[in-house]
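Some structures to go through are shown next.
One chain, chain A, appears in both complexes that follow, with chain B as partner in the first and chain C in the second.
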Partner chain A sequence: MDELRPGTEGPGSSSLARRALALAGEYRGPVALVVVLVVGILIGGRTPDGRPVFLTGSTHVSVFFEYAEYGILAAGMTLVILTGGIDLSVGSVLGLSSVIFAILTLGCGWSSQWAALAAAGVGAVCGLINGILISRLRFQPFVATLAMMVVARGLAKQVTGHRKIAPALDPWYHVRSLSEMPPIYKGMMSPLAKHGIAVTVLVVPALIIVAAAFFRYTVTGRALDARLFGSSPAGRTARATLSIGAWAIALGLTVWGLAPYLQPASFLFVSSLLLMALVVKVTRFGRHLYAIGGNEEAARLSGVPVARSKVLAYVLCGLFSGLAGIVTTCRLQLGNPEAGATYELDAIAAVVIGGTSLMGGRGSVALTLVGALIMGYANKILSNIQIHGQFLQDGAKLLAKGMIIVLAVLVQEARRRRA
Partner chain B sequence: MRRMAVLVVALALALAIGAAGCSKPQQEGTPAGPSATQTKMPTDTGKKGTAANPWVIGMSQCNLGEPWRIRMNDDIKKADEATPQVTVQFKDAQGKEDQQQAQVQEFIDAKVDLLIISPKEAIPLTAPVEKAMDAGIPVIVLDRKIASDKYTCFIGADNTAIGREAGKYLVKLLGGQGNVVELRGLETSTPAGERHRGFVQGIAGSGLKIIASKDCQWFEDVAQKEMATILSRYDKIDAVYGHNDPSAHGAYVAAEQEGKGREKTIKFIGIDGNVDEGLRYVKEGLLAATFDYPTGGKEAIETAVKILSGEEVPKKITLGTALITPENVDRGGEPIAPLVPPDEPTAAGTSTGPGQ
Partner chain C sequence: MAEEPLLRMEGICKSFHGVHALRGVRLDVRRGEVHSLVGENGAGKSTLMRILGGAVTLDEGTITLRGRGQVFRAPKDAEAAGVAMIHQELSLVPPMSVAENVFLGREPRTRLGFVDYAAMREHSEALLAELGTPCDVTRPAEAYSIATQQMVEVAKALGREADLIVMDEPTSALAEAEAERLFEVIRRLRGRGVSVVYISHKMEEIYAISDRVTVLRDGEWIGTAPVGELPQERLIEWMVGRKIEQLFPKHAAEPGAELLRVDGLCVDTADGSGRRAVDGASLTLRAGEIVGLAGLRGSGCSELLGALFGRYGRVAAGSVAIRGRPVSITRPAEAIANGIALLTNDRKTTGLVLSMSVLHNATLASLSRAGPPGCVLRDRELALAQPFMDMLSVRTASVDAEVSALSGGNQQKVALAKWLMTEPSVLLLDEPTRGIDVGAKAEIYELMNTLVAQGKGILLITSELPELLAMSDRILVMHRGRMTAELNRDEATQERIMAAAMEA
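Presenting the complex of A and B:
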């Protein structure tokens, strides 16, 4: 790390090397991700025909797919952590909305949309209660969300009577067999392309909006846009249209290309994080989160609506927990009141590995996406490593996982001290 | 300083993974030699199913935190070592359905020749098993079923039959008269329901009476507390039927702690027969008997070899049990063949011969 100090190297190579290192430091998240991928290719196991498992497409598809709930939880968790708070209740709220979604669809025969709305709503209400306890009643976030963690789990067990919600559980259940399950149960877990044109119609406008926002509001987007389409005032509208269109088509083609492979659950994971990254970057609410996390009192004195912003952060966190609950129900094909136990720890780990500080005020949602992928890929590597033809046992995996967290934070900290 | 710390952690990481690998020697029973490791490593040369190029079997265990499941893996490992045509790779889902789903996918991606799965839960694992079958991988389902017929072979024991055997044995042991305490397994679990129903069938028509029946959730400490309460309420208790060995042992300890010497007069029986639990308790005379709950590990490997060599195998194999008492514990108990309908093939718990 000393290499970054000016004057430690010869004048000839220094500027290039320094710039490369600086760039690597700037994009340390993606660099770390690439390192993890390379490690994966080297030691992540081989298929019987000798190819590294990490060079098969299905491995990458399953990383996104298997990490979906954690990623979705991490999106909301980042907002809360940016304010200097924490939400320990996400796993339990996931469990609660999971069983509510299952009861409504399988038991009461609600349509998937309404049930999903209700399940997400339950999550949001839990978040709202957290937010009010914390911002209005001055509970410490740890305490308030710890209580919610216990209460939501208790509720999940209470409403199910400690049972798993499956078809024909009780005589009044609307869905009587596995074959009658609503299409969302299979659909969430099978590749997007199988959903036909309806989803595509929904996806395209969403992409145009994301493209527009990217080009309009992010620094990288604006710079890229100016480079590609010029920046003189003449013909601005035409150029803007052109560039939004181009971005939308580029994103559209990406989604189109991935549709035969990626499941809606994976898309939800990535788009939750991208959407929140944009919201935090673009909106006043996002800037307020940083201000509150940096110095709550200063933020209050300079007119930041501290209480309102905090409540909104917890509501969004709850909402994402609800969303993750729906994904879990579809994944398990049943509503399990125990679902999501200890998920909060993985969500927090993804945020921290991304480089967002638990003290608040520092970090970003985009980094959380990187952190989540690092965790997802690390899990996949640990799951695929073979020593003497045998897979690692749980103990070794946990040891390695813990050390990856320590390593990631050490790297982040080293970088911060230098800055 | 910080760079040092990073280095130290990175080193520790490498060591941890390395150590984990070294601490698991590949073969225990087989004669070690320079080629011993080689023979178990899959290579690309020649025909599959030979010692030099064994079939790769993926074993997905739902939770290695339970002694009985450790025994299942051990049984498979032992059978693996005795069977040069196959090599088994183990994964443990730590009791999480989603993790087990992921593992099945990983085995599919790794193109294993056959999959053995002991599912955590029927419905969530149904689709992954079907996917493996669609990928051309035969699947042997162990102990717990899945929610469809799309698998190659199911191997499991019959809890109702074992409960019935336990009931019949107690009737004989107590001479047809007496008060029995039942310490049940987790109320919502299927095995607990079956072990209860079977027991009730077994004692039907005799003079045995269940005077107390408590849900102990399979846990020894819960059983101990429940038994202490029961002991203080009932003066005449002749036998305790634990749905598993730890429950029966917990009851024994409670009777001992009561200090009236009733642990000498009450007959305690359990189910499972794990080496460090039931077998030890029986050997030390704490339990009057335990009934083996076979893992099917050995049968799974035998069946796997048959499937892989293209032989027909039955869709369902029901395992028997064994009555294990202090007199016969050293001989491995007295096998009891399963009572099954005539069209179903059987494999008695301890008496099946080698596969081919």
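Presenting the complex of A and C:
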């Protein structure tokens, strides 16, 4: 059942090339990412000693770091877009939670854990309100979240009195100087560990990925898999345990190996997306999102809790906005009520470039990770390029970014139209 | 040699992702002929017609229209060549008015270049009146039932004044009387020299309307013959490749305990007019029983099933009991938990999530059993779905294919699989064999027998009276939301049903 009927295989000789092409077509996102990376190596600038900067580790580290907030926002945005909705308020909610985190830590002297919880909670409440407006009161997602976008920004300005939140802003502020700032402000932005084992441990996760692909996609691997584990319940359990164990080791070693290089902000970015990718793939909630986005009435008639799933999607989206707000506060070392303006557009762009349909029902969070990286690397290239010894100006960068979005979506659409 | 046919398609091949849908198929249609195209689900009928309509490009083969070779790259090419299409799945724009839908893409203009709404209204009214479905053409298409929408679809094709009209299962959503009116129109068209390619799974229709028949099986041409020279048994044998002993197998099951009791159920119409779509309906359904529901369009049969399933929230009045225990079902999820399943009559808008895969559609209503709490495991899903895929012999390249890529009949089977998987005790089946081929129909009726033999109860709506008569233990007739007759198996006849359905 899982395989094609006989007579579906092409003639032997040219079929390898054709299959490679078909595979490339299937994985346009990753292929595009590779193209962007190659372009980066070619024209993305050079270090003083003449090596392409795209071949230095620090470039990649900085892409993840600089794109962190957008990536975190895009994780929640994907869930909402899968249901056929949209959340325009993420940028403003980021701003609101950012200033709340700053006021609580710098002003009220809360410990950073509680302040973070409160800031994330504020984001989640904004999402909850969006979700209720949309699923219970039948607002259009665009309208409801547009209102929230305005309200959250207004609130952020109101609670700060239109000022940036910094130490000793008001007489009652607990934190009186930069040196008294809670450790999270510095910690979020500096590498996870001072010393770590060498990056070479990453070879192990890489091997695990190769092995997984071998078992999943090659004929020999599948046969071996069947021979080793069979299809008995015991065999299945063994296989599941083994593969979960292998992935856990891979994940652990990756974190360990990268700890001396990557900042918590970057980890939040990647782990938000990976976690949501997992949630969407293996939970009923994830399946419900697809069903709702594909055909809400058919989903309802199949017993899908439509309202509850939608509310949860918006709550998660709000929660991620809150998290991103905390990251922003640490990045700026202050709470700016204007923070996050137009971030929603970057988040939506990452989702769409990944290939998730704005109509809902099609796409995935894993694709969004790819989309976010394409955007992040493209930004990096644009800020590294020099023409006649001059860096690009903002206007030219925006133009180029716009064209990248159009191009990426055209590529995705071509796939759909061909199908 | 006889006169050159209007249309000749030869050696047509088409494959999707390496799966052959058509292999060297041919078809010729004469002027002023009604040519039926028949075959099992997935035989390739719609694909062949979509090639003719320019919606799908062919891999190999030739199309000759009026003696001239043609290459259709887009639907507008075919339209310009005088070919009009009624697709299997409704293709109206729901929020646009009926008139706008009829003239979609070829709106009449006033002298100033604006859309001439008056002319549009007038023409579409005339077309719909000709079809015997007068309606307010200024209202949005979605305000009307599927049957009316289907007629709008027909009017749209007629309005193109084509000399070849393709009708892909136009009657699958029509009641008998409406289908009869469509046939009159087809005969009139034939009189005017217009040719019609007619696709249907209903044998009586094929014999009533067509001049010649072409049979496809598994993407291959099996034969073409004048309908008079092809007795039904032969035709079916051509279609399914074997003999079918009994079209409507019916085993009398011994009715058991009462499963469902409905008393004075009332449902308001959705338009807020305060009228009742169902007005005081009462019925009982016992284990092992198939109870048929009959009624014309607007009789409230479908709404009754929907209300039992919690589709419209709280009902206006009345009570429902399952196995003697009163229940109040206000959401589909509660209905499913109570062992009720509803197969809706429109798989595209309410039955399936077309953007999801076959597997994911099939398990959508049973996800709670597809893994540990809150989770879905692929292995478990496959194990759940596989028996039903096999039992219904769903024809698909892979269970991971998008369900929209399946032929209409196979989509219907996926919808059915979804409900059988929930292990319901009461099945509400609204047109379960809509668009399903003869062979599979017999299988589905056989399956219904098995289900009732296991002690389940079935409420059945079907617009095909012979099926209703053959399969039902009892038949309830509705008219304008009220029950007007209850007929036992031995006293039910087409005439008595129609009489009860027409007047209260």
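Just so we're on the same page, the second predicted complex is superposed on the first by the 353 of 419 C-alpha atoms of A that agree within 3 Å, B and C clash if a C-alpha of one lies under 4 Å from a C-alpha of the other, contacts with A are read in each partner's own complex, and residues count from 1 in each chain.
Everything that follows uses one rule, which is that a residue touches a chain if its C-beta (ideal position, glycine included) is under 8 Å from a C-beta of that chain, and two chains touch if they have at least 3 such contacts.
Bear in mind the structure is a predicted one, so any value in this text is a computation, not a measurement.
*Asks:* Who does A:305 touch here: chain B (first), chain C (second), both, or neither?
*Replies:* second
*Asks:* So, A:189: does it touch chain B (first), chain C (second), both, or neither?
*Replies:* first
*Asks:* Given the touch rule stated above, what does A:361 touch, chain B (first), chain C (second), both, or neither?
*Replies:* A:361: touches chain C, not chain B.
*Asks:* So, does A:45 touch the first partner chain B, the second partner chain C, both, or neither?
*Replies:* Only chain B; A:45 stays clear of chain C.
*Asks:* Have a look at where A:223 lands relative to chain B and chain C in the superposition and call it first, second, both or neither.
*Replies:* neither
*Asks:* Quick one: classify A:287 as touching chain B (first), chain C (second), both or neither.
*Replies:* A:287 contacts chain C only, not chain B.
*Asks:* More residues of chain A in touch with chain C or with chain B?
*Replies:* Between chain B and chain C, B touches the greater number of residues in chain A.
*Asks:* Regarding the shared-chain residue A:34, is it in contact with chain B (first), chain C (second), both, or neither?
*Replies:* neither
*Asks:* Can you list the residues of chain A that meet both chain B and chain C?
*Replies:* 1
*Asks:* Which chain C residues qualify as touching chain A in the complex?
*Replies:* Listed in rising order, the residues of chain C that touch chain A are 18-20, 309, 311, 332-333, 335-337, 342, 344, 349-356, 360, 364-365, 367-368, 370-371, 374-377, 379, 382, 386, 389-390, 397-400, 418.
*Asks:* Which bits of chain A are touching chain C when the two form their complex?
*Replies:* Checking each residue of chain A against chain C gives 1-5, 7-10, 236, 282-287, 290-291, 293-295, 297-305, 361-362.
*Asks:* For chain A, which residues are in contact with chain B within the complex?
*Replies:* Against chain B, chain A makes touches at 1, 45, 47-50, 53, 56, 58-59, 62, 66, 69, 162-164, 166, 178, 189, 328, 331-334, 336, 383-396, 399-400, 403-404, 406-407, 410-411, 413-414, 417.
*Asks:* Mind pulling up the chain B residues that touch chain A in the complex?
*Replies:* Listed in rising order, the residues are 2-3, 5-6, 9-10, 12-13, 16-22, 24-26, 37, 40-42, 44, 56, 64, 87, 89-92, 94, 97-98, 101-103, 105-106, 109-111, 121, 123-124, 126-127, 147-148, 188.
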